[in-house]
Amino acid sequence: MEVTLDIVVRSTEIDVNGHVNNAKYLEYFEWGREEWYDQSGLSYDVLSALGVQTVTVNININYRKECRQGDRLTIRSRPVKAGRTSFVLQQELYNQAGELCADAQVTSVTIDIASRTSHPIPEALRNALEG
Amino acid sequence: MEVTLDIVVRSTEIDVNGHVNNAKYLEYFEWGREEWYDQSGLSYDVLSALGVQTVTVNININYRKECRQGDRLTIRSRPVKAGRTSFVLQQELYNQAGELCADAQVTSVTIDIASRTSHPIPEALRNALEG
Amino acid sequence: MEVTLDIVVRSTEIDVNGHVNNAKYLEYFEWGREEWYDQSGLSYDVLSALGVQTVTVNININYRKECRQGDRLTIRSRPVKAGRTSFVLQQELYNQAGELCADAQVTSVTIDIASRTSHPIPEALRNALEG
Amino acid sequence: MEVTLDIVVRSTEIDVNGHVNNAKYLEYFEWGREEWYDQSGLSYDVLSALGVQTVTVNININYRKECRQGDRLTIRSRPVKAGRTSFVLQQELYNQAGELCADAQVTSVTIDIASRTSHPIPEALRNALEG
């Protein structure tokens, strides 16, 4: 399932060059992933009840176009790959003109909360990733 | 040339899980790159005087270990590749126990300030990258 | 004129205690003031064309209730006082239950962009403050 | 006891005007208060063991001078008042030239962790505030 989140670039999110800072894009994408988990019925509490947590292990992000204060951005997030314990979400950030501003592949691993070691993806999460 | 920067993790840099948030690592690495440019004698002003600016186009970051409030971190930054208009810096983040917490490859492109299009790496920057 | 801005608390805006950090409230209030200036037809560019800029000199903020991830907040901003060169905006932050979470009085001074010294409030701004 | 903390202004802490944003000063002051608690032997864990927590209820901050990237700042924090359940810390921020950039009075209340209601300041904290 692809999930979208709409946001507006705020004044404190731009840097001395007048555009959104590199690090801020990762926050935007994190907000997009939270939305994906929520709409997939897999909030932090639901996963915790299954004894697992997801941990980001790699982000590969391309910066394609500057974003500026007041820009209305749309974050699109969808799963593209699921292994035994890890999975990949593809995320894209578009501005109000429909231009691609950034895209990222985010790899996460499912871990057992108690032992802090990798754990097979639980069925509910696998269904969401493959659904 | 490899350049190091020492920092301390502050209270407002940790998230609800008690560790440094994914996006914050990119800020740390940006601080490390600023230090690399400064120690290489290539501050923003120096590059501007040459009519160029560097723009980050890709970051590929691996998250390896959690960082916590009060951790004393060392950021190491060094060039690993220089093409005609783009170059790659390798960056690593170590904690006070010498453990690798994150590493990233950051690809930047040199652009002409006026035309905003890619521009060959100026000699001063090339020397720093290959020195 | 009172201006309102609606926002949603995002995951990277909460701290280790699970609520919005003290400093973040000031960002929220800054976003609210930007909205007040915009809706008053007094964007940064408009004021610059008049040769002035506004600089915040004092913020007095009361923290009344915790805000949490996902909270839908409303920021209300309105002028309460205008002197010769300085003025005060009153701002309030409410949650989705209508509870007051924070309020602040923000005092700004109008300065001449060139000389960086205080400057009488220009008529367009005074009209907005007293309107 | 007055406690000082030295920091350096980093690139991601400045805004479009090239100076440190208003909200960031509150983060700096929070870092300064953390240092005051730590050096007073009153870390979060110590207070928790006493069943209490401190909550900020008011900050009154004066912005006096701009701070810029690379500035070496010193944050000074000292108690100025202690009531039955609340207390006030005075904080000042100086730059490398010894100029006062900002000062704030921060009022906090001691609360009982379990009931979340105000609680008399425990003796260890009172000693630190009055010592």
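Lettered A, B, C and D in written order, each chain numbered from 1.
The rule we apply is simple: contacts are C-beta pairs under 8 Å (C-beta built on N, C-alpha and C of every residue); 3 or more make two chains touch, one makes a residue touch a chain.
Model, not experiment: these values are computed from the prediction.
Using the average of C-alpha coordinates as each chain's centre, B ends up farthest from chain C. For the pair chain A and chain D, the fraction of shared interface numbers is greater than half, so the two copies use mostly the same residues to meet. Annotation: 30 Å between the Cα-based centres of chain B and chain D. Averaged Cα coordinates give chain C a centre that lies 23 Å from the centre of chain D.
The multi-chain contact residues of chain B, meaning those touching 2 or more other chains, are 11-12, 21, 23, 27, 30, 69.
The residues of chain C lying in touch with chain A in their complex are 10-12, 27, 30-31, 34, 69. Chain C contributes residues 21-24, 26-27, 30, 55-64 to its touches with chain D in the complex.
Only residues 11-12, 14-18, 21, 23, 69 of chain B touch chain C when the two sit together in their complex.
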